[in-house]
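Chain nomenclature is as follows: A, B, C and D, assigned in order of appearance, with residue numbering initiated at 1 for each chain independently.
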Amino acid sequence: VNRLFEPGGTTPAMAEAVSDAAWVRAMLRFEGALATVHAQAGVVPAAVAEEIVAACTGLDDVVDVDAIGSEAVIHGSPVVPLVDALRRVVSADAAGFVHLDATSQDTMDTAMMLIARDALDLLVADLSSLAEQCADLAAKHRDTRMLGRTLLQPALPITFGCKAAGWLAGIIEARRRLALLRADRLAVQLGGPVGTLGGAPAGRRLVAGLATQLGLADPQLGWQTERSRVGELGAALALAAGAAAKIALDVILLSQGEVGEVSEGVAGRSSAMPHKRNPARSVQARAAFTATLAQSGVLLGAVAGEHERAAGAWQAEWPALTQACLACAGAVARTREALDGLQVDVDRMASNLAALLPADAPRDVTAAQRSVDAALEVFRAAG
Amino acid sequence: VNRLFEPGGTTPAMAEAVSDAAWVRAMLRFEGALATVHAQAGVVPAAVAEEIVAACTGLDDVVDVDAIGSEAVIHGSPVVPLVDALRRVVSADAAGFVHLDATSQDTMDTAMMLIARDALDLLVADLSSLAEQCADLAAKHRDTRMLGRTLLQPALPITFGCKAAGWLAGIIEARRRLALLRADRLAVQLGGPVGTLGGAPAGRRLVAGLATQLGLADPQLGWQTERSRVGELGAALALAAGAAAKIALDVILLSQGEVGEVSEGVAGRSSAMPHKRNPARSVQARAAFTATLAQSGVLLGAVAGEHERAAGAWQAEWPALTQACLACAGAVARTREALDGLQVDVDRMASNLAALLPADAPRDVTAAQRSVDAALEVFRAAG
Amino acid sequence: VNRLFEPGGTTPAMAEAVSDAAWVRAMLRFEGALATVHAQAGVVPAAVAEEIVAACTGLDDVVDVDAIGSEAVIHGSPVVPLVDALRRVVSADAAGFVHLDATSQDTMDTAMMLIARDALDLLVADLSSLAEQCADLAAKHRDTRMLGRTLLQPALPITFGCKAAGWLAGIIEARRRLALLRADRLAVQLGGPVGTLGGAPAGRRLVAGLATQLGLADPQLGWQTERSRVGELGAALALAAGAAAKIALDVILLSQGEVGEVSEGVAGRSSAMPHKRNPARSVQARAAFTATLAQSGVLLGAVAGEHERAAGAWQAEWPALTQACLACAGAVARTREALDGLQVDVDRMASNLAALLPADAPRDVTAAQRSVDAALEVFRAAG
Amino acid sequence: VNRLFEPGGTTPAMAEAVSDAAWVRAMLRFEGALATVHAQAGVVPAAVAEEIVAACTGLDDVVDVDAIGSEAVIHGSPVVPLVDALRRVVSADAAGFVHLDATSQDTMDTAMMLIARDALDLLVADLSSLAEQCADLAAKHRDTRMLGRTLLQPALPITFGCKAAGWLAGIIEARRRLALLRADRLAVQLGGPVGTLGGAPAGRRLVAGLATQLGLADPQLGWQTERSRVGELGAALALAAGAAAKIALDVILLSQGEVGEVSEGVAGRSSAMPHKRNPARSVQARAAFTATLAQSGVLLGAVAGEHERAAGAWQAEWPALTQACLACAGAVARTREALDGLQVDVDRMASNLAALLPADAPRDVTAAQRSVDAALEVFRAAG
């Protein structure tokens, strides 16, 4: 992660969750769990499995990420050097049982799902906080009349609470989608060299055991070549970032000098104009959405790969998912900050409405107020 | 639809389902249903509603699409001229009740969902057929040994049935995803000028009535500004096209002269080389996937729009969804044709395997065979 | 082309320039020119070449596009059936000389360049008109003070002429880029089955002759597998549409009720709110940019294809370029319409400036005025 | 940069060229050069300018990137905190002259161009090396007969030199494009708060002076809101990565066990199958192309921004350009490694040709050989 301008595009927690250290840890968790389930199946001696698990835990902190990264260039993935490193730190007996039955893709795919799980947990929590903010605004401003605008033109009166309820609806939906993927679609992968291992009963049991060990779903079928869950993740991340960016865009538009209905709690400074109050967080949220969207295309595109393992599309998934998680977190975080302490100028809302609504236009905002109630009800029901 | 090379990128049925005529019909169905539910609510006289419904049905065939299209440029959508046309063909009394409470976006959004429904129905059926083909190949070739290939290198033996079972898994998943969206996410939209109508009890009843009338879902909340269902559609279409393109890519690779394990039933001719047998359908399936993927980016990107109606992003949805449906149908259809009468050379599979597998490599294909059984079981369970 | 809402996304002239009829004509022009240059080389009897040329001209109007489109699905391109049709209408003697030395890709690629040429000619002309509009606004409003806005916040005074000069700069650049591609990069392709024909002296002469015949560039090297010119076209079309969309976006923002500094000459009507004046053309320009951008990704992505002819990426180029041309024309045309008769409220510009600029902010607009002069000078120099 | 798997997607030199340190250096070079040209114009005392320049040079190494990155989140760009830091290390007198006349965007945009220049220099050099490799292969294998393949089907004989000459053509073109942008389109930006500064004579001189100081182009017009050069960069990077990925794809395809005509000099190891020789570098080159392409969409899309500075699109450019440079370097570097020591099996080429070409197919490869000569001639002329 670039440290100069990328902090604006992510959060420290997400940067940690998809860091090299997190990836290494996730890969080693796979290798440890694999030994464990092999021991449960009686294929690996229990003591050996314990040794491997302990080594995996210990290796976490000492493994030379740069060395592995360099070797990864040679082999096309970091699995070969990491497994080599693991074999070096265990006894000769245990070395032969390390990575048993597995192929590089099993390690990477399962690690990717562990990474995705932690990332989604962060995002679901962040979206919950953002939803709370929207809900609070919706409740507080349920009756605050303001201009509704379509195609950026004055339309009819709404309330600011109704606008916030619309934001809330988007965040609820984004959270629902990520939570659903988190629960159903983050599955272990163990297929062996050509992806078939899980087909046979012994393999099925290993897969089921792995799922239990790692707290991931047991996929009905191996997904070595069925990448749609990764594409779904990409799309859901883009939609979550977009739900945040929609709020950010509205905040930017309402913050315009000529509109003046809201301003970010802590405005950004200009290097040239002391009087400026920039909606800096919202601006960054929009940029982060753009970045997320770009990576979602990579992840959706990876679905069509060659034969039993793709020659390029699969390898493109790792950085794309990493970047998508980073950027999505940034979009959500910056939007939260934009709403945190948001200055709402209800007088300005009233005066803009008075100034821009034709005399004969309908004035009633009952439907808008009821929309707030409906959205809050859905939010509370969603828990 | 371009008639010279686009037929390769879609199907006649889909071209019809997303045609101008279909869009007009869908828009008029909305207007008719709106009158009906207003009549049910006692807001519109029953006779007037019947007149409007009849006019909508009648207008279908006589409306001047080109004239409406020209006027749509002026107003930014075809709703204004279509509603004008509808008002012209009903009595003066009825004219005042046409499009009552609705805004252009209500018409377009609900029509888009009706269009999507028909498109998804076609795709789900086409994917079912494609799944059948994959299942047949999987069953028939459950034990046909062939080389498994990762990164396009010889790996270990699988069976051709196992490969087809992998294709099947992708198609089942794609179908499941589209069917889910079809059932849950295609919802009516009726929000009025600023999207709030459904918030109030009377509006809620209209929305619920519309949903019943049109056979679409009743959304919990209005989605005038919550566009994620359109983005989800885009992603699901891309993934469906991609699941087909994955098959097509494998067919192309297996069809290579040096591999020679399969060839399309009806091969394409070359304009220059009489001896060539081109995997023309598979090639077109891949091109169609690329086209679908591009539109999915537009649809995902549309989630972040301005205020109560977006000034550009929303309008980009209509052609993008239309194109995505067309192209997705093409990807699936061409893949079906590629598999239809697919020539499978089991001897060549055997000889390639013998030639390319090292003497000491494992030979067992039990897991591959069992993978077939597992996938077929999932397929049968999916119904 | 969809007739219901696509007219807003293109122009009639562009729809014609990339139509089926235009593609057929371009393909036949290639076949005719090929016979001519073969005759010049003494390979084909002059009378035969004349017969073929005449047949190509005649076939234009009578060829059954739907039949060719249907057969194109079988062969993966419309060339095989079109060449078949051409052979059927010439004498048996001539039939053997039709499409001599060429492969399908030669026909499609050269036709694509002819299509691109006509499309670029239209776009360059449209961009010139749009540039004139911008230049007129820049000159007329050179001294019209208004607020400059960064991050959508009040910054410092500029003039409206200066803003229009900025628009102008973008359009000049977009036009320059397209004109450059038009002049240098639209080249004939004649490579024969594996793309090598132009390597040998006789082939070189054919290529040079074709270039002369068709008024396209003579490429230094064949480009059967070197697709970057198509990618460059895609990028240049996206940038041209984007230069227009930048204007459209500013018009939309300036048209906001709270800003009120400009409004489109002919505003769009709302189906629900009689008082609304929608910036409908600008909105459609933005949507058209989005569509162009999506296709540019397809065209850039097509650069990496398999061996001597790509199995999917190449075939994706035809509809993508067609769509990109249509949408780019739409972006430019709608922006032109938005500026045509644009209502400029100079009083409002003055009052917004007065209201929003801090008392101690610099007031000088000399640099802005001089920016107008500079841009106009560049524009006049560009001719 | 992720260190675990991103090394495969870039080069150390590029990682350094677009690093935080490089960005800070570039930003400070702008600030220093700005003081210098102000001194030349007599606006800033010479001694003060020297002090600022010295401070910029000194600050390079001591500036706290993390602190600046954190503050950048607040202000929406790292310029405010960096300028603050600069002001803190100079005398009170000099502090007032730091960043004089400039706005944050001037610093970021000019820094971005300096970063792009170094990145393009690296890429042009890498592409030259890759071109040399292709040229060597083309020359060495000018007469090595092999099968030409279209749509992945046996077509007609070519030579391996001819294929390499095709690769060369793509690399020459990619290099030409980047070199052209490097020479013509990397321009300084100095516009002040609303981008107009360069319009006035004094400002023009500053811009010209900056261009001289920094070795960048003097733009005819300011480009604060005319972002097409950034989009062009994105497209050119995608096309360069694609030209490399085209080679990589061919290498992967030729490396297939059934084809066996080439293999990478240093093959990647599998974690599960000792016999495998993976084309690991080529695979990574393709993944890196995918990543570049995604970012090119962001950069092209940024062309349409709001008013005098975009609220999101501009900020998205910095990471997108950074990522595009990284990934493009990776695509080129991995392809170079793939070709470095490439094993070419001429016997296999001969036997595949014999096995797959129909008896009556043309055998002549003169045109292919001449294609080699033509490409080499172009390459030598390009220098």
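Note that in this section a residue touches a chain if its C-beta (ideal position, glycine included) is under 8 Å from a C-beta of that chain, and two chains touch if they have at least 3 such contacts.
Fair warning: this is a prediction, and the values are worked out from it, not measured in the lab.
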{"item": "Number of hops, chain A to chain C, where each hop joins two touching chains", "value": "1"}
{"item": "Chain separated most widely from chain A, comparing mean CA positions", "value": "C"}
{"item": "Chain centre separation in whole Å, for chain B relative to chain A (CA means)", "value": "26"}
{"item": "Contacts with two or more other chains, residues of chain D listed in rising order", "value": "76, 103, 149-152, 155-156, 192-193, 245, 248-249, 252-253, 270, 273, 278-280, 283, 286, 289, 297, 301, 311"}
{"item": "Of chain C, residues touching chain A in the complex", "value": "147, 149-156, 252-253, 255-259, 268, 270, 273, 275-280, 283, 297, 352, 355-356, 358, 360-361"}
{"item": "Contact set on chain A toward chain D in their complex", "value": "1-9, 19-20, 23-24, 65-66, 68-70, 72-80, 83, 99, 102-104, 107, 192-193, 245, 248-249, 252, 266, 268-273, 278-287, 289-291, 294-295, 297-298, 301, 311-313, 315-316, 318-320, 322-323, 334"}
{"item": "Chain D-touching residues of chain C, taken from the complex the two chains share", "value": "76, 103, 105, 148-152, 155-158, 162-163, 165-166, 169-170, 173-174, 177, 192-201, 203-204, 220-226, 228, 231-232, 234-235, 238-239, 242-243, 245-246, 248-250, 253, 286, 289, 293, 296-297, 300-301, 303-311, 365-375, 378"}
